[in-house]
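Two complexes are shown next, each including chain A; its partner changes from chain B in the first to chain C in the second.
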Partner chain A sequence: MIAFKLAYRNLIGAGLRTWLNVTVLSFAYVVIIFHQGLIDGWHRQGLLDLKAWEVGGGHLWHPAYNRYDPITFQDSHRNIDDKLIKKFNEGQIAPVLVVQASAYPDGRLISVILKGIAPRQEIVSIPTRYLADNNAVNAVIGTRMAKLMKVKEGDNILIRWRDKNGVFDATEVHIIKIFKCDVPSVDNGQIWLSLENLQKMTGLVNEATYFILSESYNEGKTDEWKFIPPSYLTRELDEIIRSKRGGGMIMQGILLIIALLAIFDTQVLSIFRRQREIGTYIALGMTRPQVIGIFTVEGAAHSVFAALAGAVYGIPLFIYLAKYGISFGFGDMGLTLADTLYPYYSLELIFWTVLIVVLAATIVSYLPARRIAKMKPTEALKGKLQ
Partner chain B sequence: MNKDTIIRLERIVKNFPVGTGYFTALNNITLKFEKGEFAGLVGPSGSGKTTLLNIIGSLDTPTEGKASIMDKSLIGLSHKESAQLRSKHIGFIFQTYNLLPVYTVYENVEFTLLLQKVPLSERRKAVMEALEWVGLTDKVNSKPSMLSGGESQRVAIARSMVKKPEVVLADEPTANLDSVNSHHILQTMKKLNEELKVTFIFATHDEKVMQYLSRIISLADGKIVGDTINPNHGSNAQ
Partner chain C sequence: MKHFLLLILLISATEVLSQDAEAILQKVDRNLSSENRIFESAMLIHGRRNDRTVTSRTYSVGNKKSFTEYLTPPREQGTKMLKLESQLWIYSPSTDRIIQISGHMLRQSVMGSDLSYVDMMDDRKLTDVYSAIYAGDEIFDDRKVHVLELTAKVTDAAYYKRKMWIDRERFVPLKEELYAKSGQLLKRTTLSEVKQIGGRWFPTKIVFKDMLKEGEGTEFRMSNIKFNQKIPDYIFSKAALKK
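And then the complex of A and B:
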């Protein structure tokens, strides 16, 4: 208790020096929490977007299907059996047929992937209801794809594909809707058609490449279809986040080290300048560990003050950013990244940040204070350098 | 052994390393102090007064010899045992007052009681009593920076006396004070010595202090060159 009281008084008494340290350290707190919150917010948003637009409650894949290898598309489709048709009718799965194709917007050649999806599915947010009219070859595409092909709603583009026998065929598709989504993998290079149309175009009647499952689907894998859990489908985003978090930690570490160096420097100076006070504590009956404790608490208290100071300007800032988000103006980077990011500040993040900073400040305060243990009280009382 | 003997020093030698050799600050000092004495170690600078005071206060250890306070040997004490001894039984008064600048007068005096974990109500009573002894009850909330030298030293006296120690060691307590304040301080300490039977040992070369001492131990070059009773102590004091 004495240590805390003395630490408080000494810190207040030290005036500007204390407030400079506290300001720098509070800045470290705010930047660490802001950056981690931003990454967490991105991760959260990304996962929600992925689930909403692509992943659902997981997929059932044809065993040969590899979404990164278009060569596999040709052989990775299979008949939809009655059991799966029943599940589809119950709204628990949405079948998707995948076919590699070429598009010729304005006479240019662009390699695309045609995806046939049931128009009445409600598992993912792709606006498939626009594909309900099977009398025309309508397509929905994302904004990225529209930009790439330089097309707008109402335009027609020529596409060419190979049917189940390997024979090339071509038709014009009508862009009925351009949708905006933050998941590039449902947008970049993708043209979404009605499942029935694509099945007819390829001759793959009643066949699908994979199924998007609803959250309530819980039957796992079947003999013919491989269950792909959501964690597998979101792992790219998880890995990007992990690497961003790692990179951020280096920056945060540097910032924290600078702030801690200021505390370390203050501690060294304090112990150097306050030898007479240290000698007095010992003469009055304090043990050396108690005196070390006073100086350690004093240094560590910077981090507590900094947390309070950081809260004063950090909390309003965090609340504002969490409410209105922050736009960096680079939404279209090929990553699952929204135009506006809404940082997410969890209690866990705040708790661990405060704990780590307080612990680090305590350690850097303790290191110079250890010197007190070697001081001779008689010399300290004279204020002599030791 | 006289049961009123509170401090016993036998053949104390203290050497300080200097270069490849050493400097002998105390050379074969043997002394006893009785309970309630108002004694002083006097002598010029470098005679060993402060070194001897530091050994009595368990802030330093002798190179050779035996030292005990209240029959407890000071040789071989751990840091913790030394701290406990100082905390409970020994009060210090320094030339430069050594008050804690961030604490008020009240808190400075209270500090040693906090170390002993004295309950709040007892602490409050003892602090106010100590401040009454030195006439500073009107300054309880003042910071040391707001006090004069004399007032600061009176706070230091109150701080040393508040725990009612057996021994108070005062190292040049009047060196930074003018004549009027010096006499005021010394009268206060003499009064406390008489009323509370606390043993006071001074290290001084101040003539004003010597007027008050009942026993004067003269040191020169680390040796005792005189140990006399002052029959007129206090009589010529202002």
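And then the complex of A and C:
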């Protein structure tokens, strides 16, 4: 207990030097928690967006279908059997047919993917209800696609595709709705049509390429369709987050090292300048480990003060950011990334951050204090350099 | 009775015209198809900023085998293309690799032109793919022409409908329009500089225009055309691509 009392008095007594160390270390706390919170917030938002717009409760894919390889689209479709039709009628699955095509907005050629989806599905947030009228070839597209094609709601664009036999066909589609979403993989290069229309256009009647499953669907894979779990469909985002977290840790590590160097430096200076004090402690009957303990606690106490100081300006800042979010104005980067990010600070994050910083500060305080063990008390009392 | 006779007459006339159209198409096939051919070509591609010309030498046997070697410009020099049945391979000297073109890549344009790989590959005889209807006579480019409307009789024809303006004397198409199943005009081709080569009439200049895309189209000029030559078999092998 005496070590804590002495540490408190010495730190307060050191004045500006202590507060400079505490300020730098508190800054490290705030930056670490802010950065990790921002990435956690991005991850949470991204997963929710992916689930809402694309993933649902997982997919059932045609075995030949690979969403990264358009060459596979041509052969990856098959008949929707009665069991799956029943599931669709129960609202548990949404069939999607995928076809390669070309769009010609204003005489420019753009390669596109036509996706036919059941208009009455409610599993994903794509506004498919606008496609309900099968008498017209209506389409919904995302804002990125609208920007690429330079079209707006109400415009018509000419598209060309090949039917199941390879015969070219072309028609004008009416852009009935442009939706905004943070998931580029349902927007970039894609035109969403009604499933029935696309089946008629390609001659692939009652066929689908994949199904989006609802959360309540729990039958796993079938003999003819491959079950793709949500974790597979979100792994791209998970990998980006992992890499961003790794990159962030380097920056946080550098900041922490700078703050800890300041503590280390202060400790070295204290032990050098306070040799008489050390000699007095030993002369009064303290053992060397006890004196090392006093100095270690004193150094480590910087991190506790820093946590308190960080909390004073960090908590209001974090509450503000969590409520109003941060807009970086990145524009479209091809990532599942919302315009405004809302950082998410978990108790786990705060606990581990405080623990790591306190432990690191304790270690860097202990390392210079070890010299005390080698000091001769008589020399120390005289204030001689050792 | 009068109406019945008129109907019979009309049906017979349509039948006769249809037979005529088929005969015309056969004559066109005789001019355009050959057992094999060797030719050099210059493809003038009109780009947004500038025009460029790609020259090549092609060996082909019927509609199954074809081998093309690009001669100029230096950037394309040494690029080779091999078509066997429905498969297509391209060799690029800069990467020293052979890649197979398939799926959606076949719909991409060849060297930025208005021709797709599909257009280059689908060269079956017209009579094998289409049934023809005679649609009248016209004057085109100061030549008397028959106009034929072709509809695919096979399910895998790239273009469901075609309209052809065929020279009445030489039985060579001078203009052609290619339509989608929906009736949308997709491509227009004009053929000119018809020359007699090896006892047949053959157009040596073809202008392809993708009607959905802006631009002036692609001009294709053929020279040194030789029909029914002896072409060694090794030319149509993947090994020849790297030679």
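Keep in mind that, in the parts below, the second predicted complex is superposed on the first by the 385 of 386 C-alpha atoms of A that agree within 3 Å, B and C clash if a C-alpha of one lies under 4 Å from a C-alpha of the other, contacts with A are read in each partner's own complex, and residues count from 1 in each chain.
Keep this in mind: a contact is a pair of C-beta atoms (placed from the backbone, for glycine too) under 8 Å apart; a residue touches a chain by one contact, two chains touch by 3 or more.
Remember, predicted model here, so these are calculated numbers, not experimental data.
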Clash-or-fit label for the pair chain B, chain C on chain A: fit
First, second, both or neither for A:N165, with chain B first and chain C second: second
Which superposed partner A:G13 touches (first chain B, second chain C, both, neither): first
Partner chain in contact with A:G154 - chain B first, chain C second, else both or neither: neither
Degrees between the directions from chain A toward chain B and toward chain C, using C-alpha centres, nearest 10: 150
Touched partner set for A:P316, first chain B, second chain C, both or neither: neither
Which of chain B and chain C A:P63 touches, first, second, both or neither: neither
Partner chain(s) touched by A:Y104 [first = chain B, second = chain C, both, neither]: second
Touching partner for A:G253 - first (chain B), second (chain C), both, neither: neither
After superposition on chain A, the shortest CA separation from chain B to chain C (Å): 75
Residues of chain A at both interfaces, chain B in one complex, chain C in the other: none
Contact set on chain C toward chain A in their complex: 102-105, 107, 152, 155-160, 178, 180-182, 184, 186, 210, 212-215
Chain A residues within the chain B interface of the complex: 1-2, 6, 9-10, 12-13, 276-277, 279-280, 282-288, 290, 376-378, 381
Interface residues, chain A side, partner chain C - complex: 70-74, 100, 102, 104, 106-109, 111, 158, 160, 162-163, 165-171
In the complex with chain A, residue positions of chain B that touch it: 50-51, 54, 57, 59-60, 79-80, 83-84, 86-88, 92, 94, 96, 98, 100-103, 111-112, 114-116, 159
